[in-house]
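Take a look at the structures listed below.
In the two complexes below, chain A is the common chain; its partner is chain B in one and chain C in the other.
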Partner chain A sequence: MKEKLIQLNEQQFFIRLVPIVMLLLMAIGFNIATDGKFGDIRNLRLIVTQAVIIATVATGAVFIFGTGNVSIALGATTAVTAAIIAKIYLMTESVVIMVVAAIVVATLIMILTAILSTVLKVSVIFVSIVMMVMFLAILQTILGAGTITLPYAMTSALTNANFHYIAFVVYFILCAIIFHFTGVGRSIRFIGSNKICAKQSGIFLDKYLMIAFAIAGVGVGLAAIMTSIRTGTIGVGTASSLNMDVVLAIVLGGMSVFGGTRSYIYAGALGALTVTLLNNGLLMVGISPTILQLVRGIFFLTLIFAGQKRPDRLPDNEI
Partner chain B sequence: MEVMKNVDYDQPLIQVNTLSKHFGVTIALNEVSFEVPKGVICGLVGENGSGKSTFASILAGIIEETKGEIYFEGKLWKPSNVLEAQKNGVAMIVQETGTLENVTVAENIFLGQEMMFSNGIFISRKKMFAAAQEILDELEIKSFKAGTPTHRLDMQDRKLVEIAKAMYWKPKVFIVDETTTALSHTGRELLYGLMKKLTENGTTVLFISHDLEELEEQCHIISVLRDGDFVGTLKRDEFDTERLKEMMIGRNLEGNYYHADDEGYSDEVVLRAEHITTLTDLLCFNVELHKGEVLGVGGLSDCGMHTLGKALFGAEKVLDGEVILGDGTVINNTKTAVEHKMAYMSKDRDRESLALNATVKENIVSIAHKANQVLGPIISFKKEAEHAQKQINDLSIKCASEKHLVSTLSGGNKQKIVFGKWIGVDSEILIMDCPTRGVDIGVKAAMYKLIYDMKKNGKSIVLISEELPELIGMSDRIIIMRDGEISGEIKRSEGLSEQKLINAML
Partner chain C sequence: MKKKVAILLAVMMLVFSLAGCGSSEETENEGANGTESNDTVSNNEEASDGEENTDKPQENITIAVAWNSMDATTQTRMTYLEDHLGPAIGVDFIFSEEISDTAQLMTFLENSYAAGADGLLSLVTDGTEQLVSKADELGVYTAVVSSTLYEEVAEIPTYMGITGIDLTKVADAYGELLDAQFDSSEPGNFILVSGGSAMGVASHREATISMLNTLQEKYDLTYDMDVMDLATQNATTEINTGNEEVKMTIVPGFPNMDGYVSGVSGLLQTGEYDAIISVYPTAETFSTAIDEVEKALEKNIKMLCQANFGENTKQAFNTLDSTGNPTLDGAVINSGSSSDAYGVVLLYNGIKGHSDAIKPEGKAIIMAPGPLVAASAEDYQKLEQLDTSDDMYVYTADEIKKLLKTYNEDVDYEYLMNIANEFSTDNILERRGLK
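Let's turn to the complex of A and B:
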């Protein structure tokens, strides 16, 4: 029995349970603290609706994180894509063109980030810092001093047709298949574990980085549509906290920011639910938005610290 | 068999009392008790996974024991970290690299001790460099200076930095863990001389090596561990290679594990390098590999043979010339190489050939995606598990399960995983760079058999090795390299001597 438990521990079984336990404990705690208001069906529905945008971006971002890279331009990419597709919709009044444009624009922007990183041999995080600043400037140029408003008829029709949920579920299933059941996912995770070994195993690092960004780009495109139809208005503040939410979601979902073979596609979705639940719950118990950011920060750093733990092993790797 | 359980000296320097160490389900040391006297070179041998490095790591303060205790100079020894152990007289140089890349040699030597050279709030680099240079001069290390950036040094020189670092502390116990495999002849001589000098001054050297000949030459006593248990200690006048092997393995091992017969190889050229030039080492280099041939490549460690292995596999940029397969395919990247059933095993196994934080299965199947597909690109978990399990069984990889993390396995088992990864996809051309580095004689014998079986099955092998007996024993043809060029080519023949190869090297 003891040996079995040790084996499960070695396979990180218990670590994988932590995010689920954490989510449940939070939910129970907030429900008690708010005298059951937190568990109200309307509130839970609100949490899920809010979480689905983060979950969509985070699910794609798992591919990028899996390679051991971190991008902080996901929120800015979502915002600039939302602004572009809003303009396109207002010109064409076609939902189909808007959806296709969202996916194409976001994917191209993401691939551009990957190309700059691979061609210039600059780490993804540094390229994404530049891209984030640039996209925010582009967003301001597109919007000028105002905002873009989409017709209520279109946004409500898509909302009522459950576009959010259908798009997320289809995207999540496809991502899960690619990440866990194909050579692409395996290769991406292997790159995150050891880049040199991956290269010497015939895995093209640049190619898989492009693929990871392209897949994440599809998620960003879908999230841009969800963001547009949820608020109906695109402004400079659109998706401003999305990037932090996504990174926090991935970490809260139980994935290491260092990527590698211990990466799981569900981390993004599970974490997105936890982040939204945390935001919602803390606000409901009366925590001020400033303290909320502090709590999120503490959570993030604690989990990054925990994620750095490596197995007890010898420096020369020999028993 | 009569084996002395403890060496007969008045006062042992180190006393080990029922010492145990567990790594998860793996028992690395199982209630081991023995003693090591003062002022001797004590060899520590055992198969991979026998517990040698674990014991050394506990003694050096790198890891903590699970239970039991060590007494050092009669007092309970429980250092909380490496620095504390070093300050109190136990220094260790480890099997894999223990230096930082982005700092100078001097900064590596005085890592964590920079305040010794402080001028108020500033560190005097001048003083630090002078002190480091003094140590290097004392050790007669001339191939680099105290101010040399460490990333410019090769594996051998980095080992010398570690030795210099250990020497600063004037240790009472100096642990050398599988270091000589990374050293050339000159480096080894330097280390042997140092070990002798240290013992004359009363220091005890704990010398871990898989090279029994080396141990028998250098040690005063040899202690043997097997599967985490202490087997016994032999004094110098009792040294006998066969007896040591039997103590290590617990059974008789055939004296000659190289292949004796000369079956030759086909005339068909499967891989050739045509006038290849690389950024470092190789200049207009030509070589041919035939079907069913084991081509040995030897030379001093900086002769370019390691670069050749990478260049043949497409892992090193070829600036001029081409590496071409028998069918005319040009190998200019690793992807093309793998797609054409080529395999490469790096000398730097932990850094380049394995993902240490991944499982045994994840490493073995990392290049076998196509082989395990069931429906288009969809991979079957079941097929993958069977694929990994087959290699675990065929190669007798010692692990709790396919989900065992590679980082916790011994060197020999890790190397078996590398073999399994390439054998599993039926590689036809295998480039092996020092495949038996740091593995014990039992695993070595198994690997030689494997290489010979592959040769018999028509596989072509480039065997890059720093061990001359291995080259002579395994190769159909040997090329010796010097300064990036072929300085000699020798065919397999009766009575081929190491001297002939050494003459070509120097």
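Let's turn to the complex of A and C:
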């Protein structure tokens, strides 16, 4: 019996199925606990809307995670980009320029992180720590003593035009194609599985790290626009919790924290939905805010324990 | 083994979840004094107040509260709302966790709406324009504990108003406190904690300006910058006072910022400063740093700050430091529970369809409690019972009921303004029978 369970746990379809089953079980549980209020179509739409920003960044971050690296500057990059594009919009009053600027600025910032990592030969995580601190200082400088407020007419117009849904769907499809159906995706997963082997097979590690960061940068740029139109205000606290949510989303989505072949493009979106659904459900059930963190932590630990499979050996990535 | 751990955690999770649900039901029943369900406010209660008289019991309304911090004061305020006010007037509350950015605030608004909230009282002031507009789209009434009205959205029908501290009285309160504490014949060195003054927090800005003006007048100082510019410094800055005997350093920001407390501690350790004057509650924040310096240098460092009623402030005034002086020497008291109660009043009247009565021009209103001054520990002794028990809240549930048009037909804009204008130490002491 135990052997059969182990065998089942080894199978790809089972690994892919676990996060989805967990998401459904949670949804059913919350629906029962709230007498059907949770399953109301308006609430489900709210959950999807709230999940989109995390899902967009997480989808791009799958490329970085896929190489076996972790960046913790995604939230700070989103915040800096949001502040810059808010300033640009207030100067130009052009949505098109704002969108283009967001993608360009975020992509350049992300590429800069990758360049620093490859040139200095320092692990991505350490470079991203430095970048995060630096971006927060830049954000403080841009904002000065206050916040930047965007006109509600513009933010609501973009919201009503479903900018966030359209941007996410287009970006997700592009990422899915690149990650699962092109040599770029295969190379990234190969690097995550075994960096040394990939290198000896003729794969240029630095090049693919750069590509991974550039693709993630597009996602960060789109998320910066979504954040700006959702909140209408950019302050020092903007996107402060985004990075943790993204990392959590990727793990809860069933992707291995070690990258490699157990990397799926949908992991970010699925995990984002799980995180958002959990927050929404716990509030609707009426959990006291004083113990909410504890309950959420237990939920997350359970999901990670049940869904993650540690590799049989230590990863070969250098630190 | 992994699966066993997962199952164990799942069981723990379930237990905690159910515990959470259980506590809210318990609260509801307690509120009903064990005699009737608290899901409704009975018609008898209304009739006893001699006002609106319908045969059907009224359904509870739900108000979500977005907290900007989660400390002991917040816990006191939550207890007041959930256990005292809510059961008596038929309001259920949904409380947020600590909210630190606008995206979290918007998410809380949406989730509260999905959970059935009719109104939102926000203590988070960033992004108010967006919040109010979004809430209006969802049909959720809003009130904000802020001292700024946000004119751009003031005419949105579901935006009821603001209940932060009365700005016009903040400067006088700090002036009175500083006058009582410092003598012009004894110059000193001061750390002025300006909090969010540089970030646009109006009450902090007014308080800082008042400190600068009062000290300037008292010690005949000459600043090399405009007082407004000094008050809105966004980095720790030593001010040129033009008086060698008076040193002054402005410290903006909040304790949750990296290196903030250690920065103030470093200033204190120079041994040059005689007092910290703060625009927000800092008695606990800096108590250890002050105590260390007082012990090392055997000198008293005065702590004057903003405070709320409750056990923490009582303890701070009653605890003596190593020099035999109170840990908190004086305070400007902002009654947080009063701001919350006013917020509930605005939201309740709006949700029950009485917006027109309390918003005469269709515009959001300002219903602001004024700051109170406790210039010494002796002063605070008269007030220390407040907000520590059901009978001693600054506003009891019975008093709040009289501000709701559902229970009192006389309620209108002028009626509410009169109540807010009467807010004073004497008024509170008289109402609580402490005079």
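Here is the rule we go by: the second predicted complex is superposed on the first by the 276 of 319 C-alpha atoms of A that agree within 3 Å, B and C clash if a C-alpha of one lies under 4 Å from a C-alpha of the other, contacts with A are read in each partner's own complex, and residues count from 1 in each chain.
Definition applied: contacts are C-beta pairs under 8 Å (C-beta built on N, C-alpha and C of every residue); 3 or more make two chains touch, one makes a residue touch a chain.
Predicted model, so just to flag it, every value in this text is computed and none were measured.
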{"item": "Touching partner for A:T290 - first (chain B), second (chain C), both, neither", "value": "second"}
{"item": "Partner chain(s) touched by A:T182 [first = chain B, second = chain C, both, neither]", "value": "first"}
{"item": "Per-residue contact with chain A, leading partner among chain C and chain B", "value": "C"}
{"item": "Which superposed partner A:A239 touches (first chain B, second chain C, both, neither)", "value": "second"}
{"item": "Contacts of A:I203 with chain B and chain C, given as first, second, both or neither", "value": "first"}
{"item": "Partner chain(s) touched by A:N194 [first = chain B, second = chain C, both, neither]", "value": "first"}
{"item": "Footprint overlap on chain A, where chain B in one structure and chain C in the other make contact", "value": "none"}
{"item": "Chain A to chain C touching residues, read off their complex", "value": "5, 33-34, 37-38, 40, 42-43, 46, 49-50, 53, 144-147, 149, 152, 155-156, 227, 230-233, 235, 237-242, 279-280, 282-295, 298-299, 301-302, 305-306"}
{"item": "Residues on chain B engaged by chain A in the complex (per definition of touch)", "value": "23-26, 28, 48-49, 51-54, 57, 62-63, 94-96, 98, 177-178, 313, 315, 333-339, 344, 346, 350-359, 362, 365-367, 369-370, 373, 377-379, 400-401, 403-405, 407-411, 414, 421, 438"}
{"item": "In the complex with chain A, residue positions of chain C that touch it", "value": "2-3, 5-6, 9-10, 12-13, 16-17, 19-21, 23-24, 67, 70, 75, 94-97, 100-108, 110-116, 126-127, 129-130, 133, 198-200, 232, 234"}
{"item": "Sites on chain A touched by chain B in the complex", "value": "3, 6-7, 9-11, 177, 181-184, 186-187, 190, 193-194, 196-204, 260-262, 310-319"}
